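Per-chain numbering from 1; labels A, B and C assigned in written order.
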Amino acid sequence: MIILITDYGMVDPYVGMLKSRLAEFAPSHLVIDLLHDVPVFNAHSGAHLLAAFANGFPMGSVFLSVVDPGVGTERDAVVMLADGRWFVGPDNGLLSVIGARSVDTRHWRINWQPEVLSKTFHGRDLFAIIAAEIATGHFPHDKLKAVEKLNVEFDAGDLARIIYIDHFGNAWTGVRNVPSNARVSAAGVTFKHSTCFGFVGKGEGFWFMNSVGLLEFAVNRGNASSTYRLKVGDPVLVERLN
Amino acid sequence: MIILITDYGMVDPYVGMLKSRLAEFAPSHLVIDLLHDVPVFNAHSGAHLLAAFANGFPMGSVFLSVVDPGVGTERDAVVMLADGRWFVGPDNGLLSVIGARSVDTRHWRINWQPEVLSKTFHGRDLFAIIAAEIATGHFPHDKLKAVEKLNVEFDAGDLARIIYIDHFGNAWTGVRNVPSNARVSAAGVTFKHSTCFGFVGKGEGFWFMNSVGLLEFAVNRGNASSTYRLKVGDPVLVERLN
Amino acid sequence: MIILITDYGMVDPYVGMLKSRLAEFAPSHLVIDLLHDVPVFNAHSGAHLLAAFANGFPMGSVFLSVVDPGVGTERDAVVMLADGRWFVGPDNGLLSVIGARSVDTRHWRINWQPEVLSKTFHGRDLFAIIAAEIATGHFPHDKLKAVEKLNVEFDAGDLARIIYIDHFGNAWTGVRNVPSNARVSAAGVTFKHSTCFGFVGKGEGFWFMNSVGLLEFAVNRGNASSTYRLKVGDPVLVERLN
């Protein structure tokens, strides 16, 4: 299974071009569009989202992860094996959070270039081919060089900011493991806790631990982002009591 | 064939997580993204859309249908077999319109829970597994209990309101079988009839019976929703003459 | 491989209904969503986008191409074989640019109608069936009539206008083969050239030749469309020096 997580957007032709290349090099492999709307250019949000999603997927999954505003410049391209799952993408921090949170990791630098390499679309021309080869079980030893670690490593602790806003207006943060009695604030508002939407009043805001283990703000049958003017990057305050 | 109709949105990671679960339990089954933009939280619109779409799909199709603002509360989760097609979703009315319009229906309550069940994402953790098992032909008798009928049943007659607005700005209603000489109004405007776009002037509004049998408002090479300020929920007046 | 390029949008149910029909007539064929957001009703932009994409796909690919505001009127429906790739769609100019740029082309008019043909959705009821039959290798001789040429032919030279704006705000044009020392302007601004994003300052605008060979405007970590108020149809000025 090849899982795509990018900032390419779902409506543009980038995902289709990338899948055409995957179909060529791994014709019988299932490809899952997990998320193509990582906040644009935001490898930091992307790194925390990738870390939250990864554990929900089976061993052997190959994550093709591209949030890559530095495409075409000197940043490295890398492959990482972390606790049994594969990650392919730019060495700009995007893979570093799930890497640091894993027990067992190995890294390779991609030191190969295809004959035709667009300056702005390494996802299609470089990363897709490497990911497809790994998915088919033909590890491309000739195209990779083992390295000790990633070049760019983000802080792997919780990120106390809003990292994603979904189409319901729910605001995801990079904060994990918050007990229900914690005091949680954002945008100057302290939110109540609920386990799910139907247990608060219609139009009422609350926070909950979402389905991938991250603290999230929502409004029952409403839009938290517009109600509280929450946006990606906003800080979040979590006070754990006792 | 497993057909998805939800309010999850296409751009968020919900569909991808759900498909990962389908791939695990029904690995070789085709999954069709029919519609992930049912108006959010709007099981009423969803029920009329589902009823309009269902007949266009082959016998044996499994519709995984989730518009579920009450997820995590006490609403039931159900399976319905209606005229040879399967429907899996919450018992909040969403499945009731196609059910009431079918000749032959059977119903089951899902009385099983997976080991890990997110409070807010039963689509991934519960409904997807049941839908996948049905699609593979292994009917999950041990997880279901036959029941007489659904708990929540909407009026199954036509819904004389706008239930969906597409990206062209076309406004779908829940009204069927309108003869071309009917007098049709919405937003204070009486619209002319046409069979298709090219038979009215550029920029001109009209109504037509759309490709799934519902009355729809459109503007030739324009946007009916913005031109006439039509929005989901607006009433529609249909006067059948003679 | 069947490749979809339409103005149907990704969020609406049109693509899912079309894929259901493809699944029925070509059950084991890979379908790629290349682009469903061709500017709406804009066969001219669509023709130049299709021509730019086509060469990136393997021989034998079947492009199901639908931008068809005249659906239901008297425009013809056609099949074209151009340099080893198949194209199915309306005869309204959409297929004409790639046709004119190809060395070896053949054309057929679709002179068949299915029993049930929606007046407004030939993509699902007509084009999908023809495309599926071609993809499976059963060329539908009985449904087609060879013709000399297309009825509607656009100018196949470069189109010096903006033809697409992606979700990053990057503005694509219909201009090919521009050397890096050319003088390029749009919206009254002369842009500098760069090969990729990371070689200009953050927030700085530039032009580059994109991954399908078209001149494109962008802003490093910003939005060129909103920064420079670029929109589809805007003229572009390219002065080749020497």
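List of remarks:
Heads up, the rule we're going with is that a contact is a pair of C-beta atoms (placed from the backbone, for glycine too) under 8 Å apart; a residue touches a chain by one contact, two chains touch by 3 or more.
Source: prediction; values computed, not measured.
Its C-alpha atoms superposed on chain B, chain A is turned by 120 degrees; the angle is given in steps of 5.
Chain A and chain C touch with mostly distinct residues; of the residue numbers seen at this interface, under half occur in both copies.
Distance from the chain A centre to the chain C centre is 30 Å, each centre being the mean of its Cα atoms.
Within chain A, the positions touching two or more other chains are listed as 9-10.
Within the complex formed with chain A, the chain C residues making contact are 1, 3, 9-10, 30, 32-37, 49, 53, 56-58, 166-168, 195-199, 208, 210-212, 220-221. The part of chain B that touches chain A in the complex is made up of residues 9-17, 19-20, 23-24, 27, 40-41, 69-73, 75, 118-121, 124-125.
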